[in-house]
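Paired with chain B in one complex and with chain C in the other, chain A is shared by the two complexes that follow.
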Partner chain A sequence: MMQKLRQSGTLLGFVLILLFFALKLPDTFLTARNLINISQQLSMLAVVATTMTIVMVMNDFDLSVGSMASLSGIVAAMIFTAGYPVWVGLSAALLVGVLGGLFNGFLVSVVGILPFVATLGTLTVFSGMAFLLSDGKTVFGRDIPASFSGFARAGIEIGDIKIPMLTITAGLVIFICWCILEHTNFGRRLYAIGGNKEASHLAGIKVVRLRLYAFSLTGLGAAGAGLMYAARVASANPTQGSGLMLDAIAAVFLGMTMSRRGEPKVIYTLVGVLILGVLDNGMTQLRVDSYVREILVGLIVLAAVAVASLSKLRQA
Partner chain B sequence: MSKAFGGFPALADVTLNLSSGRVHALMGENGAGKSTLIKLIAGVLKPDSISVTKDGSPLPLNDAQDAHKAGFRFIHQELNIVPQVSVAENILLGRDLPRRFGFAVDWNKVKTQAEEALAFLGATHVDVTLPAGDLPAGDKMMMKIAAALVSADQNEPVLYVLDEPTAALTGEESEMLFDVIERLKAKGTAILYVSHRIDEILRICDDITVLRDGEFVSKNEISKTSKVDIIQAMTGRDFKDAYPKREVPIGIDTIASLENVDTSNLQNLNFELRAGEILGVSGLAEAGQTQLLKLFMGLGKVKSGAASFLDEELPRSPSDAWARSVAYIPRERRGEALCLDMSVRANIVLPHLSDYGFYAKPWLENKDALEFGGKVQLKSSGSTQPVGQLSGGNQQKIVFARAIQGNPKLLLLDEPTRGVDIGAKYDIYLLVRELSANGCAVILTSTDLPEVLGMCDRVLVMQEGRQAHLLERGEMTSADLLSHFFNNNDAA
Partner chain C sequence: MKTLLKTAVSLFALTASSAWAETVAVITPYLAQPGTQMAIEGFEAAASEKEWEVNVIDTAGDVASVISRIEDSITQNVDAIVIAVDPAQVNVGLQSAKEAGIPVVGLDAGTDPLLVANVTSNGYAMAAETSVYIANRIEGAGKVVMFVFDAFPPVQIRGVVADAIFGNFPDIEVLDRVTPDVSDGGIADSRAKMEAILAANPEAGSIAAVWAAWDQPALGALQAIEGAGREGEGIVITGIDANPQARDAIALAGNFEASIAQDFGAMGAAAADVVAGAMSGAEQRARVIYVPTKMVTANNAGQ
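And now, the complex of A and B:
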């Protein structure tokens, strides 16, 4: 009973939030246009949060995703500025993401630094590199090729609805992460590592190697999100990704309150992302001060996690 | 002194009479209600009904504080220690530390108080300034007992409850513990002693109460009962023999051979292991038994000498070892073997995931989990039940199911029946015999000497990381084996 309540509590909260905005904003909230708008707004967060889920499954963390997203945007933009074709910029940025992630993984699993400390370090390193590369300035205007920024404006038309490419990209990433975690033995092993690292190691799971892979996937996701953001605003600046990390972790935590044994799952992370996205959109429309919004989001995450933790205590 | 409990679901109408100066054994299989009973006495669980009387007058027992006031002390099997903090502080944990000037901790006094408590136990060799986590398992147990003693300063303890105290101790340390129990007895305290080891109980206890399925089965004086009676009372069925006999002779193929092997922490390893052979590894606590097993898991490097497994090099890593048909059952079930929050199925197939290819195949995993769970006679509510909800015996069966799924050529057993009840123990022994009959070589280490002697064909005795003796089982008794732990001259 308690278990059911805990699991469905967050979902119930989400429905209540939807209802609240639907009643308060009858003309603008539950419209196809607004919903599509929401899906585009949160596509970057969705990519970061679902790839973050991959490391959080192992009880690890990656605090560096935000600054990685900034760095990847800057790397792509610098390469565009230097006159290389779009695909070179994209590949280089994604490669930086993979390498950064591998570096995180190396620090955590080979050197053995706590993920919190290791990725806090790389957070500053990546951020510093972004500032260094861009000289602290925003890259925009003619330096950003139209074919790059056009991607964010493009979409697939179904009837009179246009589904944005960013939404489709996020959907693909979510689907791939879901497949990886739920339907491959790689994913199974990651969950086992999260369940008990030492036992997994002794049961023949290559813990060190898998953690490296997982962190590089998270890095790749962060870099991808950075590119999506840069395309959407047709510019790149060294702080553009900074808000992503906290929201992504919050989304995973919200999701964890919904799963049976409190483990992170891609589907639930997605619900977490939707909650944050809908709140953001609705409150902007209601003209709630953005500072108030932050306070509210923080309180909601705390409430959800507190309920989950209390009901777990009750069980024991 | 008498206690009565009534109507608790896990425990129905059990009465326990404890008298001062006597050691009372509490026995029963896992799930029989021993832990429930202890938690009730400790005031940790709320009973549906309870009456406690001491010397004829009723005693309030509503929470842990009441239990402590009443003079009840508990020493649990799971050692709750603070590993980073010194032994002395662990001993005085939860009490006001002695002070100087009213606020500064008087460290000298802390040290002497802790040392006095340890001295009473005869454990004068323990350095109380060391971090508790650095102590060997046996000394940790001594430390916990000392901690229970120290609280005696405030109010006289009348009852000690010892829950499987010897599970983590070696033979020698157990002896020390038994001496302590004698001394506590002499002081006139009552002792409630919970253990799965019947030989121990027969030796040190005066009375025994047996529980089964939460119900009282029998109560007797130890002198008026026997091993067979006790086992029958616990299991409710006739009992033949504690250890199944070897029925298939040892094979001729060599599974592993070590010649003059030294590693970073082991020396002088010299033995050959044949198909189907069961080799026991014995010795004092932490003499290298676990490291020897881990060597075959690829954890440890051969520095000199020749070592081979199936005519090739030893495995390089745990994953290599599993891939080459080595199965390992680690000492710490919860810490090293199981993912407690995960399902029965996931835990069984864990080392064999690569057999299922790239994509997960839940239906196949399910089939295998059922098949191998069935082979080990696992009792669970289904393959999706989290293993944390199972009893110790069933958890261990999961680890065995995992081991036999790989159809092992070499099985490494580190304390395979620790915390496992008699019925499940026998099932496990049968499994080991069956594997051995199919040509699987087994290396077994256990602090339970009758187990080593009951199962093994030869026994390798280790002393401080060195192979000291390699003995034929023959007619050896526990006492013979124990004497080899200390003696250096290899007569065999």
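And now, the complex of A and C:
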């Protein structure tokens, strides 16, 4: 019973939140336009959170994703400013993401630094690099090619509805992450590492190498989200991705309350992302004070995780 | 589960008392900044006289969330939106507002064709006033330390003007152009940077002045100069914004000699007038509306 409550509590809470907003905002909340808006607003967080799930299944963390998102946006913008084509900027930014992730993986799995400490260090390094490259300035205006920022405005029209490219991109990333974690040997091994690193190593799983790969995928995701962010705001700023990290971790934690053994799952992370986004959208429409909104979001995350934690204790 | 239900009930209670009709959404990532706060309070005061309902939304530094909140406000069908953020960074949201026929007014934001108008202080003029004040006080000769912040466009332009003015005096040398870390509010890191500069220039009179693009670095520099016991060397400090802490320092008639007071309250009230005009369909010709500023020195700092 407690197990069921733990697993379904967060989902039920999400449904209640949806019902609450649907009742309070009958004309605006459940409209196609608003739902598409929410999907677009959440797209960057969804990418960071689902790729963060990849390292979190191994009980690891990546605190540097926000700084990496900022750095990738700056790298792309600086390359655009130098007159190179858009694809060069995008490729370089994504490569920086992979390399940054590999560096995180190296520190964690080869050097053996705790993920919290290692990625806290690289958070500062990536952030400093973003400031250094941009000279602390926001890159905007003519330096950002219209074909790049236009991506955030583009979409695929289906009848009267236009599905934004940012939403489609996030959907693709979620699908790929889901396939990787749920339907490949690589994913299953990551879950095994999360279950018991020592036992996985003894069972012949190449723990060091897999952790390297996992961190580089998270870095790649963070860089991708940074590019999406830069396209959306048509500019690149050395601090613009910093808010993504805590929300991404909160979303994964919310999602973890829904899985059977408390392990992260991509689909549940997506529900976590949706909870955060729907709360933001609905409370803005209800004109709840910004600061009250922050307190409520924090309390809801705490409530969900507390219910999960208490039910685990009861089981034990 | 219980907790979740309770939270939902509190949410309901929180919002049950508020009316449905909304009119003006004020959206900013910088509500924690005193200037933005005062401008928005000025707007709210003017809006309450006009009996508007105002929804102030702070995205706590997140610029992309400003776009999201603009989209939410469009969904709500508000009558007007006021933004206090660089419009170039929220262009997608401004475009959506234009398509929905909702006027957007900038409050100390920046100019953009998608804004009805931007109401602000003249940053170029403020920087010119303080840098010319320094040039005159040091009689056109000496080493000047500049504190700038090029990442934020309204502050960046101040640095550009000061560069030009100091560059026009052949005997003024810009000793260092410092960008302080503002994550601690700007005072502490500016103090540390100034302490290092003072240590590198130990001779009395080797630094003639400190020009700061806003007040916090000026206060940090003042603390460093006093801490090093070099307040008697006549180092002239100027800031911009004239916040209460800066006014107190200026009133003591020490090294911190001048700052420029922006009338944020008047800025908010002027923005409310622009919103009123836009909602009534009146044509807004001036795309930038400057609110007058005033130089604050020891003579008027207490006023």
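Descriptive notes on the structure:
In this section, the second predicted complex is superposed on the first by the 316 of 316 C-alpha atoms of A that agree within 3 Å, B and C clash if a C-alpha of one lies under 4 Å from a C-alpha of the other, contacts with A are read in each partner's own complex, and residues count from 1 in each chain.
By our rule, a residue touches a chain if its C-beta (ideal position, glycine included) is under 8 Å from a C-beta of that chain, and two chains touch if they have at least 3 such contacts.
None of these values were measured; they are calculated from a predicted model.
In the three-chain model built by superposing on chain A, chain B and chain C fit together without any clash. The superposition-derived angle at chain A (between chain B and chain C) is 130°, Cα centres, a multiple of 10. Using the contact criterion defined above for the overlaid structures, shared-chain residue A:Thr184 touches chain B, although it does not reach chain C. In the superposed pair of complexes, A:Lys265 makes contact with neither chain B nor chain C.
With both structures placed on the common chain, the touch criterion links A:Thr284 to chain C but leaves chain B unconnected. Of the two partner chains, chain C is the only one that A:Ala152 touches; chain B does not reach it. Residue contacts after overlaying the shared chain place A:Gln240 against chain C, while chain B stays out of touching range. More residues of chain A are in touch with C than with the other of chain B and chain C.
Contacts of A:Arg211 after superposition on the shared chain: neither chain B nor chain C is touched. Think of it this way: put the two complexes on top of each other by chain A, and the tightest Cα contact between chain B and chain C is 25 Å. In the complex of the two chains, the chain B residues touching chain A come out as 297, 317-323, 328, 330, 335-342, 346, 350-351, 353-354, 356-360, 386, 402.
Taken in their complex, chain C has these residues touching chain A: 1, 3-5, 7-8, 10-12, 14-15, 18, 22, 31, 55-65, 67-69, 71-73, 75-77, 86, 88-92, 95, 149-153, 156, 179. If you check the complex, the residues on chain A that touch chain B are 182-189, 191-192, 195-196, 198-206, 261-263.
Residue ranges on chain A touching chain C, taken from their complex, read 5, 9, 12-13, 16-17, 20, 24, 28, 31, 33-34, 37, 40-41, 44, 134-138, 140-141, 149, 152-153, 229, 232-235, 237-240, 242-243, 280-281, 283-292, 294, 296, 299-300, 303-304, 306-307.
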